[in-house]
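Here come two complexes built around chain A, the first alongside chain B, the second alongside chain C.
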Partner chain A sequence: MDINFLLANTLNGVVYGAFLLLTSLGLSLVFGLGRVVNFAHGALYALGGYALIVVMQQSAGYWLALVLGPLLVVPLAIAIERAAIHPLRSRPEIYTLLVTFGITFMIIGALEYIWGTGTTLVEVPSPFAGTVTILGNPYPVYRLVAAGLSLLVSATVFAFIQFSAIGLQIRAVTDDAGMAEAIGVNTKWLLTAVFGAAAGLAAFAGALGAPIFAIHPDMGSGILIDSFLAVILGGLGNLPGTAVGALFVALTKSIGGGYVAEWSLAILFVVVAIALIFRPTGLFGRGRVA
Partner chain B sequence: MLTLTDVQAHYGSAHVLHGVSLEVQAGQIACLIGRNGVGKSTTLKTIMGVVSPSAGSIIFRGQRIDGLAPHLMAARGLAWVPEDRRVFASLTVEENIRVAAKAARRSGARRAADVLSFFPALVPKAKERAGSLSGGQQQMLAIARALASQPDLIMLDEPTEGLSPIIVETIRAGILDIRQRGASILLVEQNFKLALSVGDMFYVLSRGAVVFRGTRSELLAAPELIHEHLGVAKARQSRVSA
Partner chain C sequence: MRVTRDIGKLVPLATATALLAGLPFVGVGEFTITLLTEALIFGIWAMSLDLLVGYAGLVSFGHAAAFGLAAYSAGYFAREVMEDFFAALLVAEAVNVLVALVVGFVIARVSGIAFAILTLCIAQVLFTIAVIWRSLTNGMDGMVGVPLPKIFGISLASGTAFYLLTVFCLVGVYLALTRLVDSPFGRTLQALRASEERAASIGINVHLHKWLAFVLSWAVAALAGTLMVFLKAGTTPMSLHWTESGNVLVMAILGGIGTLLGPVIGATVFVFVRDEFTSRFQAWQFVFGLVFVVVVLAFPTGLVGLLNRIHGLRRRTRSAGEFPAVIKRIRSSLWRARL
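Coming up: the complex of A and B.
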C-alpha cells in the first residue's frame, strides 16, 4: 500500500468532511426543528456556487463574493420556505420531502437555463494558490484554509446553538415543538429563520468549495446524499452526532474511494446500513427516527 | 379571568367537546373533574390553542383568544402543564425554566432561582438534564416551567397522577403556593380528595359537556353525582408509583 496515496486520501477526506459538516448541520437543524426533510439542500449549495460567480462578475474579489453570495441565497430560501414548506407544516413529513424534491429540479433547471450545463472553474484566491508540504507530500494550501474556515463557521454555529437565547429555543423546539410553542416560542417563524440560515450555510459551503470542486448545476447532488447519510448516522436532529457522522462519511468515501473509486458510494451505503442495523436511531441517536 | 362559552372541539371527525362553558375567577382554583375520556385534557388544549375550537368563545382577561396560536396564548399570560409533563428532556432543569421565562416575552418573567423557590427539591438538580429526573421531579419541573413567565392563569392536567404520597403532598403545597402568590388555576384532577382540598369551584365534565358546576359544599351535597361521574377517580387514587 502506498502510504503517500493513503495520506492524500485521508487529507482529502478531512477537507471534504469539513464541507460536509457545514451542509449536514443545516440539514440536521431543519429536520430537528420542523421534521422537514429538505431535499433542496443540495440545490441551495449549488446556488451558493453560482451566487459567488454572480457577485464576482460585478468585479468583486473572491473573499467579498464568498460573504455576499451566500447572503443572496438566504432571502430566496426564506421565500421558498414561506411559499412551499410553511403551508405543509401540519402534514406528514413526506409532503415537504416531495415538495423540496420538486424545488431541487426547479433550481437545477433554472441554473442550466441561465448558465448552461457546463462546468465553471473558479480560480483559487491569490494568497492560497500554492501548496504546502505535509510529510514530504505537496498539498494545496487552499484546501486546508477552506477546511479551517468550514470548521470555524461550524464551531460558531455550535456555540450559537449551545449558548444563545435563540439557540436555547431551537433546542427546546427540537425536543418537543408543540410544547415549545405552548410556552411562547413562535415555532413557525423560528423554522423559517433557521431554514434561511441553514440555506446560507449550504450556500457558503458551495461558494467556499468552488475553487476545489468547481461549479456546475448538479454539483449539490453528491453532497446532498452524503449529508443525509451523515445526519442519519449521527441521529436525526442530533448536532454533535452529525459532526461525527460527517467526518465518518467523508473518510469512508475518500479512503475507500481511493482504492475502488466506482464502489465508494456502495461501500458507504453498506457501512451505513450495517451501522444502522446495530444502532437504528443513528450512532448517537436520541430516537428521532419516526 | 377566563370564560368559556359553549366551546366545541373535534379531532378530525370525532366530536369531543359538545359545548363546554366554565369560568375561572381571579385568584381561584377551579377544578375540572370527570371520568376518563370525557374531554378534560381536550378542554385545556383547546383553551391553550393546541386544539382549535370549532365553535364557542374563549375570553381571557377581557379579550377573545379562541383561534390564536399557542405562543400568543403564552404571551397573554396563559400557562399549561400537560398530563404527560413534556419537559424538554435534553435541556437542563435551569434551561427548561429559562427558555420558558424568555419565550413568552412577558414583562414580569421570573428568574430561575425565583421559580425554583416553589419547589426547593429541584434546586440541587438545576444543572442536570431534565430527562434524567424522576417522574415526580419532572412534574415539579413542568409546573415550575409554567410559572417562569409569571402567568395569570395556569392550567394543570392531572399533576399528581402516578406519584407517591410525599410528592403528591409537595405538589399540593405548590398549587396552594401558586394561588397564594396571585395566579389563578384551572386544575384537572382525578384525585378527588386532593381536588376537594384545594378547589374553590368545581366543574364536572361528562361526554364533552359540563353537567355540574358548584362549590365544594354543593358538590358534596350531590353524592349520586359524585358516584356516577367520579367513580373512576377512587380506583385511580390507589394506582401510585414513585
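Coming up: the complex of A and C.
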C-alpha cells in the first residue's frame, strides 16, 4: 500500500483525535462527576460553531470569535443543567440520557429554524491558509495548528484537574460522591460549573473545527457517537483512559476509512463491542460497572 | 377465580378492540385511518421495547435496529420472491431472531449505560450497512416497490383492510405479552430489573434470561417492521437511524413503561402530535424536544401513570391513602430499578 496515503490518513486521524479528545473529556468529566450521560454534547459542539458565526458577523476576527463564541454557550449550558439535569439527581442515570436527548432535539430544531439546514463554510484564518510539506506531501497548516491548540487546551484541563484545588474536589467527587459531600465539597455547585465548562470545551471544539469540517445543524451527531465510544472504551469517567480511547477511535476511523471506506464505522463498533465484552468497565475502568 | 378475573380483563379488551376495529365504519376519514395504522404499528414496536425497558430493566437506545432490519428483510422478500404476508413475516422473524441470538449473546453481558450505548452501536452499524450496501438496499434512497401483501392468496387492499390486519396483530401481541409478563419467565425478568445480583444469588441464570428477553423483544419488533414496510411500500436507512431509536423510547416513556398498554397509547399520541406539529410549527423539532423534556422531568410514569395518579387521588379522598397496584409497580420500576 502507498506509504504517502497511509501517512495522510494517519495525520488526519491524529488531527481528528485531538478534536475528539476535547469533546470526550467533557463527556467523561460530567459522567464521572454526576453520573450524567450527556446526549446533548454533540448539539453543544454544533452550537459552538454557530456561536462563532454570530460573533464573526459582528465584524470580529476569527481568533476573537474563537474565544468569545464558546463563552456564549457556557451560560446556556449552565441554565440547561439547572433546569433539566439538576432535578434528576435522585433518579437512575439513564434519565439524564433521556432528558438530554430531548434537549438535543430542541437545540438542533432551533438551529435549523434560525439558520436553515444548509452548510456554512468558514474561511481558514489568514496566516494559516497555506499548506506545509510533510515528507514530500502537502498538508493544510491550519489542521496542524488546530490540533495543536486542541492538545494544548486538553493538557490545560488535565493540569487543572491534577493540580488545582477545584480539580482535587472534582477527583474526590468522581471517586466517591457521598464521602466528598460529607467532608464539605459542594457537589451541586461543582456539577453545574463542570457541566458549563464541559459545554464550553465542546463549543470550543466546534468553533475550532469550523474551518475544517464546516458548520451545519447536525454536525454534532457524528462526533457525539465517536466521543461516546471513546469514553466507554477508556472507562466511563476515567480521563487518561478517555484520552487513549479518543486517539484509538480517531485512528481506527481515519486509517480504516482510507482502505474500506464507510465500513470503518462498522469495524469500530465491532472492536468496541468486543472490548466491552471482556472488560465491561472499559479498558481502564476500575471496578465500577458502567 | 382465575377464570372470572380473566373474563373481567377480557371484557374491556374486547370492547376496546371492537371500538378500534369499528372506526373505519363510522365515518373516520381515510387519512386518519392511515395515520392510526402507523400509530398502532409503532404501538407494537413500543410494546416490544417495553418488554426490555419496563420489565427486564434494560434500556435499549438502538431499538430501531430490530424494526429496520425486519422491514428490509420482509420488504426484500415480498418484492423478490412472493407477496404472501405470512411468508414475509416468517422471513423477517427468522432474520431478526438469528441476528438477536448472535448480538444478544454478547450484549446480555452488560447492563445500564453500557447496554444503552452498545445497542445504539448495533443500530448504527446496521444503518451504515443499509447506506453502503447499495445493490441490496438501494442506499440512502431506500428500498421501494414493495407490493401490497397477500393473505391466503387474496391481495390485501390498503386502507381499511390493512388497518384491520394491524388491529388484529396489535391485540394478538398485547394478549401474548400480558400473559408473558405474568408468567414465571416474566416474573424472573422483573426480578432482574429489581437487582441482577440478588436474582443471581437465588439461582436465576441472569445472562440466559437477559438474552431471551432481547431475542423475544426483537421477535415482536419484527412484526411491527413487517407491517410498516407493507404500509409504506418500502423503507429507507432512516428507519435504522438513532433518532428513530430515540422516538420509540419517547413513545414508551410518554405512555408509561412497564404497563404494555402505555406504550401503545404513547405511540398513538406521538404519531398524532407529531403530525400536528410538523404541519403547524416551523420549528417542530424544537417543540417536540421541549415536550419530551417536560414529560421526562414532570411525568416520568407517563400518561398511564398520570391517569392512575388522578384516579389514586380521587380514591384517596374517599378511603385511606393507598396507591393503586399499577402506580406501585411503575414506582418500583423507576426508583428501585438498577438501570
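Throughout what follows, the second predicted complex is superposed on the first by the 288 of 290 C-alpha atoms of A that agree within 3 Å, B and C clash if a C-alpha of one lies under 4 Å from a C-alpha of the other, contacts with A are read in each partner's own complex, and residues count from 1 in each chain.
One rule holds for everything that comes next: contacts are C-beta pairs under 8 Å (C-beta built on N, C-alpha and C of every residue); 3 or more make two chains touch, one makes a residue touch a chain.
Computed from a predicted structure; not experimentally measured.
*Asks:* Taking the superposition on A as described, I'd like to know which of chain B and chain C A:Pro240 touches: first, second, both or neither.
*Replies:* Touch status of A:Pro240: no partner.
*Asks:* Mind working out whether A:Val37 is in touch with chain B, chain C, both or neither, as first, second, both or neither?
*Replies:* second
*Asks:* Based on the superposed arrangement, let me know which partner A:Gly148 touches: chain B (first), chain C (second), both, or neither?
*Replies:* Neither partner.
*Asks:* Taking the superposition on A as described, I'd like to know which of chain B and chain C A:Val185 touches: first, second, both or neither.
*Replies:* first
*Asks:* Looking at A:Leu229 after the superposition, I want to know if it touches chain B, chain C, both of them or none. Which is it: first, second, both, neither?
*Replies:* A:Leu229 sits against chain C, while chain B stays out of touch.
*Asks:* Between chain B and chain C, which makes contact with more of the residues in chain A?
*Replies:* Here the partner covering more residues of chain A is C.
*Asks:* Looking at the overlay, what does A:Ile108 touch: chain B (first), chain C (second), both, or neither?
*Replies:* The second partner, chain C, only.
*Asks:* Based on the A-chain superposition described above, do chain B and chain C contact any of the same residues on chain A, and if so which?
*Replies:* In chain A, no position sits in both the chain B and chain C interfaces.
*Asks:* Residue numbers of chain A touching chain B in their complex, please.
*Replies:* 165, 168-169, 171-172, 174-176, 178-188, 286
*Asks:* In the complex, go through chain B and note every residue touching chain A.
*Replies:* Listed in rising order, the residues of chain B that touch chain A are 48, 50, 69-71, 73-75, 79-80, 82, 86, 88-91, 95-96, 98-100, 102-106, 145-146, 148-149.
*Asks:* Chain A touches which residues of chain C in the complex?
*Replies:* For chain C paired with chain A, touching residues are 59, 61, 106-107, 109-114, 116-118, 120-122, 124-125, 128-129, 131-132, 242, 246, 249, 253, 282-293, 296-297, 300, 334-335, 337-339.
*Asks:* Quick one: in the complex, what on chain A touches chain C?
*Replies:* 37, 84, 87-88, 91-95, 97-99, 101-110, 112-113, 221, 225, 228-229, 232, 236, 261-263, 265-266, 269-270, 272-273, 276-277, 280, 289-290
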